[in-house]
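Common to both upcoming complexes is chain A, partnered first by chain B, then by chain C.
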Partner chain A sequence: MKGLALFAVVLTGALLLYATGDFPAWGSVHSPANGGELSSHYIENVRTETKVPNIVTAVLADYRSYDTMFETVVVFVAGIAIIALLRDFGNGSRGYPPALANNLPEEPDLIITQTCNLVIPVLQIFALYVLAHGHYSPGGGFQGGVMLGASYILIALANGVEVAMKAMSERKIMLLAATGILIYSGTGLICLLLGENFLDYHVLSRILPTDPIMARSHAILIVETGVAVTVAAIMFSIYANLATRGTLKGGL
Partner chain B sequence: MIPIFDIILLVFLVVTALIALRVRDLLAASMVFGIYSFLICLLWAQMTAVDVAFTEAAVGAGVSTVIMVATVYQTARRSKD
Partner chain C sequence: MGEQAPIAIVLAPLFGALLIAFVGIRFKALCLPVTLGALTVSLAATIETFRTVLSEGEFIYLISGWERLGEGKGISIGIEYRVDAISALVLLVIAAVSLLVAVYSRTRVVAETPDRIPYYYMLYLLLVAGLAGMTITNDAFNLFVLLEISSLTSYALIAVGSRRAVLSAFNYVIMGTIGASFYLLGVGYLYIKTGVLNMEDIHAVIVANDLAESPSIQVAFVLILMAVWIKMAFFPLHAWLPNAYSYSPTTTGALMAPLVTKVMIYIMIRMMVTVFGLDYAFRATLGMPFNWSNLVVSLSSIAIVAGSVMALSRRDLKKMLSYIIIAEVGYMVGGAWLANERGMTGAVYHIVNDAFMTLCLFLAVGVFIARTGDPRIAGMNGLFKKMPITMAAFTIGALSMIGLPPTCGFFSKWYLVGGGIEAGQWHFVGALLFSSLVNAVIFFRIFEIAYFPKELSDPAPECTDPDAAPVATLQRTPLSMSLPLWISAIALIGLGIFNHTITQWIGSALGSLKFFPPAG
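After this line comes the complex of A and B, so read on.
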């Protein structure tokens, strides 16, 4: 049986390697990814249509905004699923995790807590910078949101989940996660109400004090903020539920 | 025509993948997966896909590793196969 599995793996791998021979050369102008009508439109018109220097951000949050909206919904649903599977509402009836059971009253280590206290503010500021600067440099809602969530995970790692829960309670997590999606889809809905297509940002210039082109640029920041809020809350929620078996007490 | 930096990265990538499969200690395997993500991230950055590299570093090497370590802590640390 093992030999058969090995044979299947080697055969599939060999076929895949053989198929890579037909790939266009890396960075080739004639590759379908670069030569298509759609890609050329993005590359040639992003600067004039949205005034966003980073094409990736413009494509992600403007041209293909539906994708990003439902990616955020996927993250949200994943977080909800983790809570539904793991969250223990029975006041810790499943007991403490095995790794902690024998040495429970644990003092947080001084070096670890002090280091985290130094790192966390910098991390959070950098996360906000990554979010807000996504138009000009790599970054955006997902990366900024993950870093923001990671800063709360760091608090939980250093001091235990309860301490992090003081800053980010369960109620707050759910509220923030839903708010993020509301910001994103709400922006789309406002476009719809103003008489244009869903997530067609240029019409927002009627309520924002800018011209239609800059309205697209600003709307990208608005929806990216929604993405970041959802991702940050859900990332922390997933960690808190996984690390404590859903009791939200103790920690690793 | 592959740059030498790429060859080093790809070799390490295969090595870390094999280690992650072979090692019995699941905590060590999680850490090796973190290294794997970081090598992939360097590969993205080398191909000037900086946005993807950034996401890989934040999600793959950062949060995924933490989540995997948290999960290993709640289950058995040694793999049975």
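After this line comes the complex of A and C, so read on.
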């Protein structure tokens, strides 16, 4: 069996290497992916079509916004799947081994909690900065959302999951995660209700005080905010469920 | 709103899942009505889309409204949907089957996963959205995103069952992830060589730049083919399927068995027809001394025989059906690779038929297990007397699986056998007939057990899970279970009677294609 597996791995590796010989030169401006009709169009026209300085953001959240919406749904699905499989609703129905005993010390460690108190606000502000700055630099909803979620995980690490759950209850996690996707898909739905195709942002200029091209730029910020909300809520939810074996009690 | 119907097919289940997240968690009684409502909207949108294709032929829906660039067909800079006769047919199957199974789930989900109802229905709706999105999209990368959604949801829907389901879901996760990464690698290679992601554009670039002999494109072809084969459980890549479908909750099995493998076969055909082109698919050789058509048809023959033989030796009802699915996958893969129009028509027609046959049998088996609590074939002792109506529906499903007229199984098999003879692939014809014979043996043995009751000597079920909470058996079959079963059984006969209309319909999409039968 091991030999067979090794054979399959070697065969796959050989196939991949065989194909590599045929690749265009590394970084060549004439390769189809760099200099093809599609990439040239993006590079030349992003500023006039969307007014977004960062080409990656424009491709991600406008030209291919439908993909990004479903990537956010993937995050949402991961969160729900973990709750559906791991969450212990108190009747032991999943039959997993019992949760770890509450191993938190009586008094939270002063140095750790104070450091976290210092770091967390900065982390959250920086997360919002990363989110809002996606138009100009690397960043955007996914990165900002992860940092926002990490700030709640930090609270849970320092004080125990239950303290963090006071700020972000299970009910709130679900509402926030769904709200994030609703912000994204709702933006698309408004475009649809205004008579254009799904996610065709330019029509939002009728309800936003801007011209159709700037409306695309603004809409990108709206949908990125939706992504960040979902990602932050699901990040924390996954941590809380995994760390406590689905009981949401005690700490790591 | 007619022109917005294609997007509504995918959006309705998505918004349904969000609505459950908002209200269903608190008010559990609302979960099923929301699910049914969302799937009804999705079905209505599918029918509307189907009518558009009927009157205007294939059409494109531009998401985000980005028009194609350049002269003639141009290239796509956004993501677009493309609906033709075949995808409309598969969409209709997805919408109809998911709605029927949702009706069927009313008592089962409450009985089997009482504390996770909202999460179950959210995953259910998102799986449907993923499958419909994969079918309708015209973008090779977008297909991967929706493949992720449908994979993640199906892992969770399986694992939410008993503890044995968790282990089989884990095997599925490993296999499914390998498949998904192969697909992603394949699309990456295509992008490196073509610089586009739209399916039709990839094909146009391959033809225009004469990339047919390029090793990267050939490797991409192999990788994508392996990916869809893993995902559809094509023998010998089938090992994840039987346990995953047998140990999962009743509703999950009834939803996934008809849809997931069939959608993957549709995607294989889409890749062959739209992305690589049939001449490429049937001739690409990767420098080896064989051609693809002959090789894949031979593999399919092996898959059919192996699936049938393994089904013959199973004593557990769902396991037996799972192995029959593996044989049926061989039918469709073989039919698609016969390199003639008759075989391809048979394969597409069989996607529709097999979805409803599997649905009918899985629904019937779900009723048996709900009533008797015994998943073994032996547990069907004397069922003709105990529940004659359910057994009648099961019989229709079984006869269709065997391939007796006027059920639809006969007609699609007719096309497949005809295509096999036309292509001169006699081993494929032989494998099809052998599999029909084995199915006849399997199902007539079941009929015998169910018709002539015997004293049971061995009451210990093979497949019960000692850790699972016991699910009470039902005294009567509720209407929510018998109605979908009956609709699926009638559909089997309807699909058979209207075989001419359906095959003409499929032919309208395939008619313009040129098939390249391998020489010799």
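Here, the second predicted complex is superposed on the first by the 217 of 252 C-alpha atoms of A that agree within 3 Å, B and C clash if a C-alpha of one lies under 4 Å from a C-alpha of the other, contacts with A are read in each partner's own complex, and residues count from 1 in each chain.
Everything that follows uses one rule, which is that contacts are C-beta pairs under 8 Å (C-beta built on N, C-alpha and C of every residue); 3 or more make two chains touch, one makes a residue touch a chain.
Small disclaimer: the values here were computed from a predicted structure and weren't measured.
By the touch criterion stated above, A:Ala219 is placed in contact with neither chain B nor chain C. Of the two partner chains placed by the overlay, only chain B lies in contact with A:Gly140; chain C stays clear of it.
In the superposition on chain A, A:Ala58 contacts neither chain B nor chain C.
Of the two partner chains placed by superposition, only chain C is touched by A:Tyr42; chain B is not. By the document's definition of touching, of the two partners only chain C reaches A:Phe89; chain B does not. When the shared chain is aligned, chain B comes close enough to touch A:Met235, but chain C does not. If you count the residues of chain A touched by chain B and by chain C, you find the higher number for C. Chain A has no residue lying at the interface with chain B in one structure and with chain C in the other. Note for the complex: chain A touches chain B at residues 26, 54, 56-57, 97-99, 130, 138-140, 142-143, 146-147, 149-150, 153, 157, 235, 238-239, 242-243, 245, 252. Residues of chain C that touch chain A in their complex: 4, 7, 11, 14-15, 18, 21-22, 25, 61-66, 69-70, 75, 77-79, 114-116, 119-120, 122-123, 126, 129, 133, 139, 141-142, 145-146, 148-149, 152-153, 155-156, 159-160, 163, 166, 185, 189, 191-196, 201, 205, 214-216, 218-220, 222-223, 467, 469. On the side of chain B, the complex with chain A involves touching residues 47, 50-51, 53-55, 58-59, 62-63, 66-67, 69-71, 73-74. If you check the complex, the residues on chain A that touch chain C are 15-16, 18-24, 31-39, 41-42, 62-67, 70-71, 73-74, 77-78, 80-81, 83-85, 87, 89, 91, 93, 95, 171, 174-175, 177-178, 181-182, 185, 189, 192, 196-202.
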